[in-house]
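Heads up: the structure comes next, in structure tokens.
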Amino acid sequence: MRKRPTFVAVVSAVIIALIGTGVAVPAEPIKLGFGMALTGALAGNGKAALLSMQMWAEDVNKKGGLLGRRVELVYYDDQTKPATIPAIYTKLLDVDKVDLIVSGYGTNVIAPLIPLAMERNLTVVGLFGMANNEKFNYGRYFQIMPVGPNPPVDWSRGFFEVASKQSPKPATIAIVGADAEYPHNAMAGARKNAEQYGLKVVYDNKYPPSTVDFTPIVRAIKATNPDVVYVASYPPDTAGMIFAAHEVGLAPKMFGGGMVGLQFAALQTKLGAKLNGVVNYETWVPEPTLSFPGINDFLKRYQAQAAKAGVDPLGYYIAPFAYAYAQVLGLAVEGTKSLDQKKIADYLHGREMDTIVGKVKFGPNGEWAKPRMLHVQFQNIEGNDLEQFKRPGKRVVLYPEEWKSGTLIYPYAKARK
Amino acid sequence: MKKGLPLLIAVGVLLAALVATRLVGNRYLYFAGYVIFQYVVLATAWNILGGYTGYVNFGTAGFFALGAYTATVLILAFKAPLPVQIVAGGLVSAVLGLGIGYLTLRLRGVFFSIATLALALVLQTFVMNWEYVGGAKGVSIIRPAAFPPFASYVEFLFFVMAALAVVSAMAAWWIENSWVGRGLAAIRDNEEAAECMGVPTLRLKLLATVVSGCFMGVAGAPFPYYVTLVEPVSAFSLDYAVNSLAMPMIGGTTTWIGPIVGAILLSTAQQVATVTISSELNLLIVGIVLVAFVLLAPQGIVGLVQRLAGRRRA
Amino acid sequence: MLSLDLLLNAIVAGILLGGFYAAVSLGISVAFGLLDIVNIAHPVFVVLGSYIAYALNSALGLDPLLTGLLGVPVFFALGVVVYRLYYASFEKTGEESLRGLVFFFGLLFIIEVALLLVYGVDYRMVEAAYIGDSLHIGSVGIALRLLVPCLVGIGMTVALYLVLSRTFWGRAIMAVSQDSQALRLMGANPVRIKTIAFGLSIATASLAGALLIVIGPVEPSIGREYIGRVFAIAVLGGMGSIGGTLAAGLILGVVETFTATYYGPSWALAVSFGILLVVLAVRPAGLFGR
Amino acid sequence: MAASLLEVRDVTKRFGGFRALNGVSLDVREGERFGLIGPNGSGKTTLINCISGALRNESGRISFRGCDVTRLPAHQRTRLGIARSFQIPKPFTSMTVLENLCIPLEYAARDVARADVVDEAMAILRRMSLEDKASLLPGRLTQVDMRRLELARAMAAKPRLLISDEAMAGLSSAEVDALLPILFALNEQGITIIMIEHIMRAVMRFSERIAVLDAGEKIAEGPPDEIVKNKDVERAYLGE
């Protein structure tokens, strides 16, 4: 069911607000407001997230809603542009009078939302933003992405943990990434980890997102002969880097780390066997260690609708978490029997919650109390078939230990063959 | 009478904006209004060079972002107050206009356009590599709590942008109706003839580029406090280039009122579309409207209205 | 020893990239350099070519280069239509400078958003036998993914050069770019010649688009990245000089590759635009201009 | 011999490898009616462009009223008193005929007060018999009126030297006869005039002295009756 804020809805909201303040109307729905990237660079993930949230609202309403009231989603397209956020959320709060807000997808649209929430003391749950609360330290901000309490560092910790356990232990590292928001953060974290794990940085450079040919970069990296190559890239450069690595014959002991795009079917099927051996971050993969209650059912329903919605057909990376971030908010409302922002924030801070992405517990800064960023290795990929990515054993979890489902093929060249 | 009218309108708009901040409780209107006024400034600024002089600037985003980043630096370094940011943002962008104008304005207009396109990209690369302002990641700016007598800082920003819109419109009005504007129009019609008729074309073009760039920077300066996040991709967004060019085209390029009409119509339509249509159609509409206007109504809405009014009189 | 390898490889990679840049810029050299039509939408026509290659590749498994060739007549016709519209609305009335520019700007948006509506924002790639393979000559590695576009780009340059210098219509196009009034006196119709020339310029986008998607993934707004580059190359090459376009493409390719290899890739683009700005300021006729 | 108003010394102008003007020298005296002729492509318009400042000559010197103007931009030369009309009329298309005249009156004319600009423009239009077309856009003028506007606008710069670049090209002989008296009248008022013209009848009748250019070089100079008899001139026009 798609519920869009039509003109009628807006007018009726205003009318209700005018005549009905103070008088409780039992049938009035609980409104959850947010902006979401439905156009622009991150629209692919934004649309997938929206689909998940609509599924959540449907599920909740089927069970009688929250506090006996129906849940209604009120959302606008943020166009992946931070500049739209202040107007969108002010409209949601002042005109549409939403009861609860969550963020849109991505660091850059969460950043302008936090100060706005702070001005009004609202609780806000974020969807995949990196280190957003570092500067604000806002007590009512929560992040569903399972990075951990120290975001930029925890983001790539798994990669370095795995590397440090190998023998011979790698000694040098090349760090490379795109000139953009996410890679900037990821590379900063990787540098700290490299220092902590005693890896010498032999190459550290950025490239503009419009780079056409990656072979000169890969060759320059190869010339420094690093043991490990950490790449923080966006989808087109991810493909470019992987192609170039094969063409130039870059064969470090470990390769990958923070490549965006490998989480999704589009690149997985195109790159196929070239992915073998790459170690990369993930939030969820269909490995037996990660089959949390409800997730398989959710994914089945999601995948059935994915084609029609024009979103990633697998939906492992973002979809379950987009469901979960609404889910925790729902749990808090039910748990506190209230829409009071303070009570909801207190509830979210206080406990471990069961969601389709497993048990979620938030730390003091709103990030996950314990890091659960997965690092996986692509293994035994053959051809360009999509179905294989739904099976276990293709992206085995190496880290964290708790969820480990396989072992690293080391060095990279051995897995690549 | 004719001289007094614009001043009267200007004072009227400012008073209305001030009264609005007293009466309207719905803060959404301030945010939406801020965006509309911001585009009034940008469209007016673009038109001083593009409409009056006939030189197409594709680099509005570069000038705008330079204003925004100048303000950002001032906030990070000195916590400078908003008026200082605006003046500084305007000055820095004006200097940029002078520089790029000096390099390319001797050539045919097209080279200037291409240079502005490249300029925005070069500037963006510099900002991306400048860690002090957060590089590619950008930097979060904390908005001051409130600015008395305004109830919230956003109301203050709204009022400031309204004032900037009025100032830029008055500047455009003055240019249009002075010897400067007549010289610029001569350049637009035929630059060679203008030069031979005694018009100091290079100096006037430079003047137009500087004023135009200055107002673009001015429009960008309050941006950090408005969004609270300054990062290169959104500060250099192509939106600013497209809109600042489309708005005068739609409104009409030869008068000061044209860009204002275009800015109000188009940015209101975009604001409404953002909260209703919510899809790529939004952008498609801008493209189609732009092409339709250039093809079918080259004088813009103002030209259409004038023609209709003229017909009635005749 | 190692640095010599790096140097050789940087030169080779730069040349490969340069050949591709030339392919993308040829259309601009014809439209802007010869006809004085500032078609800033050219890169988006190239992206359109990429999507056609993608559609035919994923549906029928056709080789992208083949679809690029097949698209040439279609794109030629498209160019003819666009020019007719442009001529009737702007050039005829002498209003091309400002409004014509804006017209192409609007066109850029329409095509881009149309692609967005049909294919979404996801990156698209093609499959072809040569993608992913590479040759090794001594210590120099050559990726076929880049070699093929480079060779095709050089081939396109040669073909276009021959067409313009050896055929009747080609010579007529060169004449029209010199002096369209004189041509009218000779009884030829400059509008017809310009229509053909503009058709030709858009036709190059079909092949260039195929090359673009061979090199890497494509999304609808990727064309914007090329607007600056193609104009830089057209101006640098000396407005309308076909050989100059190839030379300028190679220069830009080598400069970007060298910057990426030795100084840091993040400055590669800025360096090439810096060159453009300097050329505009110092020698606007371009390096190989008349 | 009266003082030279305009002195052109050894002016050379190249376009790439092509030498459009090769060491051309001229002297035009105050109050003179001077003719400049030559076959197509002989460099007449290039010379005019160099004198008016639209082009810069690579070598040689141009002085006006004793000042070296070689490096001055065109608009400053106009202010000193050099005004020109264009071979292909280049009116300001978005302005009315009257407004077209206001531009040079405002920017170039030395002693017209701002308040008098419109009166002055109307006076010039009257002299050129354009007064009833003052509020028209140039696009609606006839060919001959367009030529008149071109001259009128040059007049509005209040020049000492008026360069008329083929002001009569494409006009009927009746129309030429209507324009010539106007030029004579301007000259009566003390304005020096350089006339570039293909219509020999007009140049010969108008000019006191004529210079002939061929392939970028001056091949002859003298009173009209001498020029007519000059063998080099004949050869240049008729070929070998």
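First chain written, first letter: the chains are A, B, C and D, and each begins at residue 1.
We take it that contacts are C-beta pairs under 8 Å (C-beta built on N, C-alpha and C of every residue); 3 or more make two chains touch, one makes a residue touch a chain.
Only a predicted model underlies this, so the values are computations on that prediction, with no experimental measurement involved.
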Which other chains touch subunit A while also touching subunit B?
C
Using mean CA coordinates as chain centres, what's the gap between subunit C and subunit D in Å?
45
Length of the line joining the C-alpha centres of subunit B and subunit C, rounded to whole Å
32
Centroid from C-alpha atoms only, then distance subunit A to subunit D, rounded to Å. What do you get?
73
Distance between subunit A and subunit C based on Cα centroids, please, to the nearest Å.
37
Name the residues of subunit A that each touch 2 or more other chains.
39, 179, 206, 208
At which residue positions does subunit B touch at least two other chains?
125, 128-129, 280, 283
A full list of chain pairs that touch reads A-B, A-C, B-C, B-D
What does subunit B use to touch subunit D in their complex?
179, 182-183, 185-186, 188-190, 192-202, 254
Spell out the part of subunit D that touches subunit B in their complex, as residue ranges.
52-54, 73-76, 78-79, 83-84, 86, 90-95, 99, 102-104, 106-109, 153, 156-157
Can you check the complex and tell me which residues of subunit B touch subunit A?
25-28, 30-32, 35, 125, 128-129, 135-138, 140, 142-143, 152, 154, 223, 226-229, 231, 233-234, 237, 239, 271, 274-276, 278-280, 282-283
Going by the contact rule set out above, which residues of subunit B touch subunit C in the complex?
50, 54, 56, 58, 103-104, 107, 109-111, 113-115, 117-119, 121-122, 125-126, 128-129, 238, 242, 245-246, 249, 253, 280-281, 283-284, 286-288, 290-291, 294-295, 298
Listed in rising order, the residues of subunit C that touch subunit A in the complex are 2-3, 5-6, 9-10, 13-14, 16-17, 20, 116, 120-125, 127, 131-134, 141, 143, 145-146, 215-217, 219, 222, 225, 256-257, 260-262, 264-266, 268-270
